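Just passing along the structure, written as C-alpha coordinates.
In this document, chain identifiers A, B, C and D correspond to the written order of the chains, with residue numbering beginning at 1 in each.
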(Lines give C-alpha, C1' and ligand atoms only; values in the text may rest on other atoms or scores of the structure.)
Protein backbone atom coordinates (compact mmCIF):
# COMPACT_ATOMS: atom_id res chain seq x y z
CA UNK A 1 0.00 0.00 0.00
CA UNK A 2 0.98 3.63 -0.49
CA UNK A 3 0.07 6.19 2.15
CA UNK A 4 -1.13 9.35 0.35
CA UNK A 5 -1.22 12.72 2.18
CA UNK A 6 -2.92 15.91 0.96
CA UNK A 7 -2.13 19.44 2.10
CA UNK A 8 -3.57 22.94 2.02
CA UNK A 9 -6.17 23.76 -0.69
CA UNK A 10 -5.87 20.25 -2.11
CA UNK A 11 -6.68 18.69 1.27
CA UNK A 12 -9.55 21.10 1.79
CA UNK A 13 -11.16 20.71 -1.64
CA UNK A 14 -10.85 16.91 -1.58
CA UNK A 15 -12.17 16.86 1.98
CA UNK A 16 -9.46 14.33 2.74
CA UNK A 17 -6.23 14.45 4.79
CA UNK A 18 -4.84 11.04 3.95
CA UNK A 19 -5.76 7.70 2.40
CA UNK A 20 -4.24 4.34 1.42
CA UNK A 21 -3.77 3.37 -2.21
CA UNK A 22 -2.90 -0.09 -3.56
CA UNK A 23 0.55 -0.13 -5.15
CA UNK A 24 0.69 -1.81 -8.55
CA UNK A 25 4.07 -2.76 -10.07
CA UNK A 26 5.76 0.03 -12.08
CA UNK A 27 3.36 2.64 -10.74
CA UNK A 28 4.57 6.24 -10.77
CA UNK A 29 3.22 9.42 -9.12
CA UNK A 30 1.08 10.40 -12.13
CA UNK A 31 -0.44 6.87 -12.19
CA UNK A 32 -1.40 7.40 -8.56
CA UNK A 33 -3.05 10.70 -9.48
CA UNK A 34 -5.00 9.04 -12.34
CA UNK A 35 -6.14 6.42 -9.80
CA UNK A 36 -7.27 9.17 -7.41
CA UNK A 37 -9.11 10.99 -10.21
CA UNK A 38 -11.15 7.83 -10.84
CA UNK A 39 -12.74 8.27 -7.39
CA UNK A 40 -15.36 10.66 -8.84
CA UNK A 41 -16.03 13.93 -10.67
CA UNK A 42 -15.05 16.09 -7.64
CA UNK A 43 -11.61 14.44 -7.49
CA UNK A 44 -11.14 14.78 -11.24
CA UNK A 45 -12.10 18.47 -11.10
CA UNK A 46 -9.77 19.28 -8.21
CA UNK A 47 -6.74 17.60 -9.79
CA UNK A 48 -7.52 19.28 -13.12
CA UNK A 49 -7.58 22.69 -11.44
CA UNK A 50 -4.60 22.34 -9.09
CA UNK A 51 -0.93 22.71 -9.96
CA UNK A 52 -0.01 19.61 -8.04
CA UNK A 53 3.45 19.00 -6.54
CA UNK A 54 4.60 15.69 -5.11
CA UNK A 55 6.93 14.46 -2.40
CA UNK A 56 7.80 10.77 -1.99
CA UNK A 57 9.06 9.84 1.46
CA UNK A 58 9.37 13.55 2.26
CA UNK A 59 11.54 14.44 -0.73
CA UNK A 60 10.27 16.46 -3.70
CA UNK A 61 9.92 14.25 -6.80
CA UNK A 62 8.74 14.68 -10.40
CA UNK A 63 5.41 13.12 -11.45
CA UNK A 64 7.37 10.41 -13.27
CA UNK A 65 8.90 9.17 -10.00
CA UNK A 66 8.29 5.41 -9.44
CA UNK A 67 6.47 4.38 -6.27
CA UNK A 68 7.08 1.36 -4.08
CA UNK A 69 4.98 -0.47 -1.54
CA UNK A 70 5.19 1.31 1.83
CA UNK A 71 6.00 4.73 0.32
CA UNK A 72 4.58 7.94 1.72
CA UNK A 73 3.32 10.11 -1.15
CA UNK A 74 2.33 13.71 -0.42
CA UNK A 75 0.42 15.85 -2.91
CA UNK A 76 0.07 19.61 -2.50
CA UNK A 77 -0.08 22.99 -4.29
CA UNK A 78 3.04 25.23 -4.59
CA UNK A 79 4.36 26.27 -1.17
CA UNK A 80 3.69 29.77 0.23
CA UNK A 81 5.46 29.97 3.59
CA UNK A 82 7.77 32.60 5.07
CA UNK B 1 25.22 25.78 16.07
CA UNK B 2 21.98 25.28 14.14
CA UNK B 3 18.61 25.79 15.72
CA UNK B 4 15.69 24.98 13.44
CA UNK B 5 12.21 25.09 14.91
CA UNK B 6 8.67 24.78 13.53
CA UNK B 7 6.26 25.68 16.30
CA UNK B 8 2.74 26.83 17.10
CA UNK B 9 3.65 29.22 19.85
CA UNK B 10 4.89 32.77 19.32
CA UNK B 11 8.60 33.51 19.60
CA UNK B 12 10.40 36.65 20.73
CA UNK B 13 12.87 37.85 18.07
CA UNK B 14 14.66 40.20 20.48
CA UNK B 15 15.24 37.29 22.86
CA UNK B 16 16.59 35.06 20.08
CA UNK B 17 18.92 37.88 19.04
CA UNK B 18 20.16 38.30 22.61
CA UNK B 19 21.02 34.59 22.82
CA UNK B 20 23.15 34.79 19.66
CA UNK B 21 24.93 37.94 20.80
CA UNK B 22 26.47 36.23 23.82
CA UNK B 23 29.38 34.74 21.86
CA UNK B 24 32.34 36.48 23.50
CA UNK B 25 32.69 38.65 20.41
CA UNK B 26 33.48 35.77 18.07
CA UNK B 27 31.27 37.21 15.34
CA UNK B 28 31.63 40.64 13.83
CA UNK B 29 28.27 40.60 12.11
CA UNK B 30 24.74 39.52 12.97
CA UNK B 31 21.84 39.69 10.52
CA UNK B 32 18.29 39.14 11.72
CA UNK B 33 15.23 38.96 9.49
CA UNK B 34 11.67 38.71 10.71
CA UNK B 35 8.70 38.15 8.43
CA UNK B 36 5.39 39.20 9.95
CA UNK B 37 1.68 39.17 9.24
CA UNK B 38 1.15 42.47 7.49
CA UNK B 39 -1.93 44.66 7.83
CA UNK B 40 -2.85 44.98 4.14
CA UNK B 41 -4.97 48.12 4.53
CA UNK B 42 -7.84 46.67 2.45
CA UNK B 43 -11.45 47.68 3.16
CA UNK B 44 -12.00 44.07 4.17
CA UNK B 45 -8.60 43.62 5.78
CA UNK B 46 -6.58 40.52 6.57
CA UNK B 47 -6.92 39.80 10.30
CA UNK B 48 -4.79 36.67 10.52
CA UNK B 49 -2.87 34.13 8.50
CA UNK B 50 -3.19 30.42 9.04
CA UNK B 51 -0.05 28.42 8.36
CA UNK B 52 -0.23 24.72 7.53
CA UNK B 53 2.84 22.55 7.01
CA UNK B 54 3.99 19.00 6.31
CA UNK B 55 5.32 17.80 9.67
CA UNK B 56 8.55 15.89 9.27
CA UNK B 57 9.31 17.04 5.75
CA UNK B 58 9.35 20.74 6.64
CA UNK B 59 12.00 20.32 9.33
CA UNK B 60 14.15 18.24 6.96
CA UNK B 61 13.93 20.88 4.22
CA UNK B 62 14.91 23.63 6.66
CA UNK B 63 17.83 21.63 8.08
CA UNK B 64 19.10 20.98 4.55
CA UNK B 65 18.83 24.66 3.67
CA UNK B 66 20.93 25.56 6.70
CA UNK B 67 23.56 22.97 5.70
CA UNK B 68 23.61 24.39 2.19
CA UNK B 69 24.05 27.93 3.58
CA UNK B 70 26.95 26.69 5.72
CA UNK B 71 28.59 25.12 2.66
CA UNK B 72 28.34 28.39 0.73
CA UNK B 73 29.21 30.98 3.38
CA UNK B 74 31.36 31.21 6.49
CA UNK B 75 28.68 31.53 9.10
CA UNK B 76 28.72 30.66 12.79
CA UNK B 77 25.29 30.45 14.36
CA UNK B 78 22.00 30.00 12.52
CA UNK B 79 18.52 30.22 14.02
CA UNK B 80 15.54 29.53 11.82
CA UNK B 81 12.10 29.57 13.43
CA UNK B 82 8.79 29.31 11.58
CA UNK B 83 5.40 29.43 13.22
CA UNK B 84 2.38 27.39 12.11
CA UNK B 85 -1.31 27.67 13.03
CA UNK B 86 -3.25 30.92 13.22
CA UNK B 87 -1.13 34.09 13.46
CA UNK B 88 -2.62 37.55 13.99
CA UNK B 89 -1.67 40.75 12.16
CA UNK B 90 1.56 42.22 13.55
CA UNK B 91 2.83 38.90 14.88
CA UNK B 92 6.00 37.26 13.62
CA UNK B 93 5.75 34.30 11.22
CA UNK B 94 9.39 33.57 10.56
CA UNK B 95 12.79 34.45 11.99
CA UNK B 96 16.19 34.03 10.35
CA UNK B 97 19.21 34.90 12.45
CA UNK B 98 22.78 34.45 11.20
CA UNK B 99 26.09 35.37 12.81
CA UNK B 100 29.39 35.50 10.98
CA UNK B 101 32.85 37.02 11.17
CA UNK B 102 31.97 39.05 8.06
CA UNK B 103 28.92 41.08 7.16
CA UNK B 104 28.48 40.04 3.53
CA UNK B 105 28.54 36.37 4.48
CA UNK B 106 25.84 36.96 7.10
CA UNK B 107 23.65 39.01 4.73
CA UNK B 108 23.95 36.52 1.86
CA UNK B 109 23.20 33.51 4.04
CA UNK B 110 20.14 35.17 5.59
CA UNK B 111 18.75 36.20 2.19
CA UNK B 112 19.45 32.77 0.74
CA UNK B 113 17.64 31.05 3.62
CA UNK B 114 14.57 33.26 3.24
CA UNK B 115 14.44 32.99 -0.56
CA UNK B 116 14.78 29.20 -0.50
CA UNK B 117 12.39 28.77 2.43
CA UNK B 118 9.72 30.67 0.49
CA UNK B 119 9.96 28.35 -2.52
CA UNK B 120 10.98 24.95 -1.12
CA UNK B 121 9.78 24.59 2.50
CA UNK B 122 6.41 22.84 2.81
CA UNK B 123 4.34 25.63 4.32
CA UNK B 124 1.00 26.93 3.03
CA UNK B 125 -0.69 30.16 3.99
CA UNK B 126 -4.38 30.96 4.22
CA UNK B 127 -5.65 34.52 4.67
CA UNK B 128 -8.50 35.22 7.06
CA UNK B 129 -10.35 38.51 6.52
CA UNK B 130 -12.53 40.70 8.71
CA UNK B 131 -15.80 39.49 7.12
CA UNK B 132 -14.95 35.91 8.08
CA UNK B 133 -13.95 34.81 4.57
CA UNK B 134 -10.71 32.94 3.98
CA UNK B 135 -8.56 32.14 0.97
CA UNK B 136 -5.40 30.16 0.27
CA UNK B 137 -2.53 32.41 -0.77
CA UNK B 138 -1.12 31.73 -4.24
CA UNK B 139 2.58 31.27 -4.90
CA UNK B 140 4.32 34.36 -6.29
CA UNK B 141 6.53 34.34 -9.36
CA UNK B 142 8.64 37.06 -7.69
CA UNK B 143 9.56 34.49 -5.02
CA UNK B 144 10.66 32.02 -7.71
CA UNK B 145 12.79 34.73 -9.30
CA UNK B 146 14.39 35.58 -5.94
CA UNK B 147 15.17 31.92 -5.22
CA UNK B 148 16.67 31.30 -8.66
CA UNK B 149 19.35 33.96 -7.99
CA UNK B 150 21.15 31.34 -5.91
CA UNK B 151 21.19 28.54 -8.51
CA UNK C 1 10.67 57.78 10.21
CA UNK C 2 14.44 58.14 10.17
CA UNK C 3 16.56 57.91 13.26
CA UNK C 4 20.25 58.55 12.69
CA UNK C 5 22.52 58.72 15.71
CA UNK C 6 26.27 58.98 16.28
CA UNK C 7 26.93 58.46 19.96
CA UNK C 8 29.53 57.51 22.54
CA UNK C 9 27.29 55.41 24.71
CA UNK C 10 26.38 51.80 24.04
CA UNK C 11 23.01 50.98 22.48
CA UNK C 12 20.79 47.93 22.88
CA UNK C 13 19.97 46.36 19.49
CA UNK C 14 17.13 44.25 20.91
CA UNK C 15 15.52 47.37 22.35
CA UNK C 16 15.82 49.24 19.03
CA UNK C 17 14.25 46.26 17.28
CA UNK C 18 11.38 46.19 19.75
CA UNK C 19 10.64 49.87 19.10
CA UNK C 20 10.40 49.28 15.33
CA UNK C 21 8.18 46.21 15.76
CA UNK C 22 5.38 48.21 17.39
CA UNK C 23 3.91 49.39 14.08
CA UNK C 24 0.48 47.74 14.19
CA UNK C 25 1.63 45.23 11.59
CA UNK C 26 2.24 47.84 8.87
CA UNK C 27 5.48 46.15 7.81
CA UNK C 28 5.81 42.57 6.70
CA UNK C 29 9.59 42.52 6.92
CA UNK C 30 12.23 43.78 9.33
CA UNK C 31 15.96 43.43 8.71
CA UNK C 32 18.43 44.22 11.47
CA UNK C 33 22.21 44.24 11.07
CA UNK C 34 24.68 44.73 13.89
CA UNK C 35 28.41 45.14 13.36
CA UNK C 36 30.48 44.37 16.45
CA UNK C 37 34.05 44.43 17.72
CA UNK C 38 35.29 40.98 16.85
CA UNK C 39 37.70 38.90 18.92
CA UNK C 40 40.37 38.23 16.26
CA UNK C 41 41.91 35.20 18.01
CA UNK C 42 45.48 36.53 17.53
CA UNK C 43 48.20 35.71 20.10
CA UNK C 44 48.27 39.43 20.83
CA UNK C 45 44.52 39.95 20.43
CA UNK C 46 42.48 43.05 19.74
CA UNK C 47 40.92 44.19 23.02
CA UNK C 48 39.07 47.27 21.79
CA UNK C 49 38.49 49.50 18.81
CA UNK C 50 38.61 53.26 19.03
CA UNK C 51 36.28 55.07 16.64
CA UNK C 52 36.98 58.66 15.62
CA UNK C 53 34.64 60.64 13.38
CA UNK C 54 34.12 64.06 11.81
CA UNK C 55 31.31 65.58 13.90
CA UNK C 56 28.78 67.36 11.72
CA UNK C 57 29.84 65.81 8.44
CA UNK C 58 29.26 62.22 9.58
CA UNK C 59 25.63 62.86 10.51
CA UNK C 60 25.03 64.59 7.16
CA UNK C 61 26.52 61.67 5.23
CA UNK C 62 24.37 59.18 7.13
CA UNK C 63 21.18 61.23 6.66
CA UNK C 64 21.89 61.45 2.93
CA UNK C 65 22.46 57.70 2.70
CA UNK C 66 19.08 57.09 4.34
CA UNK C 67 17.40 59.47 1.88
CA UNK C 68 19.08 57.67 -1.00
CA UNK C 69 17.90 54.29 0.35
CA UNK C 70 14.36 55.69 0.60
CA UNK C 71 14.52 56.84 -3.03
CA UNK C 72 15.62 53.39 -4.20
CA UNK C 73 13.46 51.09 -2.09
CA UNK C 74 10.03 51.12 -0.47
CA UNK C 75 11.02 51.18 3.15
CA UNK C 76 9.16 52.45 6.19
CA UNK C 77 11.32 52.93 9.24
CA UNK C 78 15.11 53.27 9.28
CA UNK C 79 17.35 53.34 12.33
CA UNK C 80 21.05 53.86 11.88
CA UNK C 81 23.20 54.10 15.00
CA UNK C 82 27.01 54.26 15.05
CA UNK C 83 29.13 54.44 18.18
CA UNK C 84 32.33 56.43 18.51
CA UNK C 85 35.04 56.36 21.18
CA UNK C 86 36.54 53.22 22.69
CA UNK C 87 34.49 50.04 22.18
CA UNK C 88 35.42 46.70 23.77
CA UNK C 89 35.42 43.27 22.08
CA UNK C 90 31.86 41.88 21.79
CA UNK C 91 30.22 45.29 21.95
CA UNK C 92 28.17 46.67 19.09
CA UNK C 93 29.66 49.35 16.82
CA UNK C 94 26.87 49.90 14.34
CA UNK C 95 23.19 49.09 13.95
CA UNK C 96 21.09 49.21 10.78
CA UNK C 97 17.40 48.48 11.15
CA UNK C 98 14.96 48.69 8.23
CA UNK C 99 11.28 47.85 8.05
CA UNK C 100 9.34 47.42 4.83
CA UNK C 101 6.22 45.83 3.41
CA UNK C 102 8.48 43.51 1.40
CA UNK C 103 11.51 41.46 2.40
CA UNK C 104 13.74 42.12 -0.59
CA UNK C 105 13.32 45.88 -0.20
CA UNK C 106 14.32 45.66 3.46
CA UNK C 107 17.33 43.42 2.75
CA UNK C 108 18.60 45.58 -0.12
CA UNK C 109 18.24 48.84 1.80
CA UNK C 110 20.05 47.44 4.84
CA UNK C 111 22.93 46.09 2.74
CA UNK C 112 23.16 49.32 0.78
CA UNK C 113 23.32 51.39 3.96
CA UNK C 114 26.11 49.26 5.42
CA UNK C 115 28.14 49.11 2.20
CA UNK C 116 27.92 52.86 1.67
CA UNK C 117 28.52 53.70 5.33
CA UNK C 118 31.74 51.67 5.22
CA UNK C 119 33.11 53.64 2.28
CA UNK C 120 31.64 57.13 2.59
CA UNK C 121 30.86 57.92 6.24
CA UNK C 122 33.67 59.80 8.02
CA UNK C 123 34.61 57.26 10.67
CA UNK C 124 38.10 55.93 11.38
CA UNK C 125 38.99 52.87 13.42
CA UNK C 126 42.03 52.21 15.56
CA UNK C 127 42.80 48.77 16.99
CA UNK C 128 44.04 48.42 20.54
CA UNK C 129 45.81 45.17 21.38
CA UNK C 130 46.52 43.29 24.59
CA UNK C 131 50.19 44.43 24.76
CA UNK C 132 49.07 48.08 24.75
CA UNK C 133 49.99 48.74 21.12
CA UNK C 134 47.57 50.43 18.77
CA UNK C 135 47.26 50.82 15.02
CA UNK C 136 44.93 52.61 12.61
CA UNK C 137 42.91 50.16 10.52
CA UNK C 138 43.46 50.42 6.76
CA UNK C 139 40.60 50.70 4.29
CA UNK C 140 39.71 47.42 2.55
CA UNK C 141 39.34 47.04 -1.20
CA UNK C 142 36.60 44.46 -0.53
CA UNK C 143 34.54 47.27 1.00
CA UNK C 144 35.01 49.40 -2.12
CA UNK C 145 33.90 46.47 -4.26
CA UNK C 146 30.81 45.95 -2.10
CA UNK C 147 29.87 49.63 -2.26
CA UNK C 148 30.33 49.83 -6.03
CA UNK C 149 27.61 47.19 -6.53
CA UNK C 150 25.08 49.97 -5.93
CA UNK C 151 26.44 52.46 -8.48
CA UNK D 1 41.27 82.38 6.25
CA UNK D 2 40.55 78.69 5.77
CA UNK D 3 39.93 76.46 8.77
CA UNK D 4 41.78 73.16 8.21
CA UNK D 5 40.86 70.03 10.19
CA UNK D 6 42.85 66.78 10.36
CA UNK D 7 41.48 63.37 11.33
CA UNK D 8 42.68 59.93 12.37
CA UNK D 9 46.27 58.91 11.45
CA UNK D 10 46.81 62.23 9.68
CA UNK D 11 45.86 64.18 12.84
CA UNK D 12 48.00 61.94 14.99
CA UNK D 13 51.14 62.01 12.81
CA UNK D 14 50.96 65.77 12.30
CA UNK D 15 50.30 66.28 16.00
CA UNK D 16 47.63 68.78 15.00
CA UNK D 17 43.82 68.76 15.16
CA UNK D 18 43.14 72.01 13.33
CA UNK D 19 44.80 75.20 12.09
CA UNK D 20 44.08 78.38 10.11
CA UNK D 21 45.52 78.92 6.66
CA UNK D 22 45.57 82.18 4.67
CA UNK D 23 43.37 81.92 1.58
CA UNK D 24 44.98 83.21 -1.60
CA UNK D 25 42.85 83.88 -4.72
CA UNK D 26 42.35 80.85 -6.97
CA UNK D 27 43.67 78.46 -4.34
CA UNK D 28 42.55 74.82 -4.55
CA UNK D 29 42.81 71.90 -2.11
CA UNK D 30 46.12 70.66 -3.49
CA UNK D 31 47.57 74.21 -3.20
CA UNK D 32 46.56 74.14 0.47
CA UNK D 33 48.35 70.81 0.89
CA UNK D 34 51.52 72.21 -0.76
CA UNK D 35 51.31 75.13 1.69
CA UNK D 36 51.00 72.71 4.61
CA UNK D 37 53.96 70.64 3.34
CA UNK D 38 56.13 73.78 3.49
CA UNK D 39 55.74 73.77 7.29
CA UNK D 40 58.66 71.36 7.65
CA UNK D 41 60.07 67.90 6.77
CA UNK D 42 57.64 66.06 9.11
CA UNK D 43 54.64 67.59 7.33
CA UNK D 44 56.11 66.82 3.91
CA UNK D 45 56.77 63.22 4.93
CA UNK D 46 53.27 62.64 6.33
CA UNK D 47 51.51 64.03 3.25
CA UNK D 48 53.81 62.02 0.98
CA UNK D 49 52.94 58.83 2.84
CA UNK D 50 49.16 59.34 3.31
CA UNK D 51 46.43 58.75 0.77
CA UNK D 52 44.75 62.02 1.61
CA UNK D 53 41.03 62.66 1.06
CA UNK D 54 39.43 66.09 1.33
CA UNK D 55 36.07 67.53 2.36
CA UNK D 56 35.22 71.21 1.85
CA UNK D 57 32.43 72.47 4.08
CA UNK D 58 31.64 68.87 5.03
CA UNK D 59 31.24 67.59 1.47
CA UNK D 60 33.79 65.30 -0.22
CA UNK D 61 35.70 67.15 -2.95
CA UNK D 62 38.53 66.37 -5.40
CA UNK D 63 41.98 67.91 -4.77
CA UNK D 64 41.28 70.34 -7.64
CA UNK D 65 38.33 71.87 -5.73
CA UNK D 66 38.68 75.69 -5.38
CA UNK D 67 38.70 77.11 -1.85
CA UNK D 68 37.14 80.35 -0.63
CA UNK D 69 37.75 82.52 2.39
CA UNK D 70 35.81 81.13 5.37
CA UNK D 71 35.78 77.54 4.08
CA UNK D 72 36.22 74.54 6.34
CA UNK D 73 38.68 72.10 4.76
CA UNK D 74 39.06 68.64 6.28
CA UNK D 75 41.91 66.28 5.35
CA UNK D 76 41.89 62.62 6.30
CA UNK D 77 42.83 59.08 5.22
CA UNK D 78 40.23 56.71 3.65
CA UNK D 79 37.36 56.01 6.02
CA UNK D 80 37.11 52.72 7.93
CA UNK D 81 33.89 52.83 9.96
CA UNK D 82 31.09 50.32 10.34
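Please note the rule applied: a contact is a pair of C-beta atoms (placed from the backbone, for glycine too) under 8 Å apart; a residue touches a chain by one contact, two chains touch by 3 or more.
In UniProt terms the chains read A, D = Molybdopterin synthase sulfur carrier subunit; B, C = Molybdopterin synthase catalytic subunit.
A quick note: this is a predicted structure, and the numbers were derived from the prediction, not measured.
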item	value
Lowest number of touching-chain links that must be crossed from chain A to chain C	2
Separation of mean Cα positions, chain D and chain B [Å, integer]	49
Chain C-chain D separation of Cα centroids, rounded to whole Å	27
Distance from chain D to chain A - Cα centre to Cα centre, in angstrom	73
Geometric centre distance via CA averages, chain C-chain B, whole Å	23
Contacts with two or more other chains, residues of chain C listed in rising order	35, 103, 114
Residues within chain A bordering two or more other chains	82
Complete list of chain pairs which touch one another	A-B, B-C, C-D
Complex interface listing, chain A residues touching chain B	5, 7-9, 11-12, 55, 58-60, 74, 76-82
Chain B-facing residues of chain C, complex	13-15, 17-18, 21, 23-39, 89-91, 101, 103-104, 106-107, 110-111, 114, 146
Complex contacts: residues of chain C adjacent to chain D	35, 51-54, 56-57, 60, 82, 93-94, 114, 117-126, 136-140
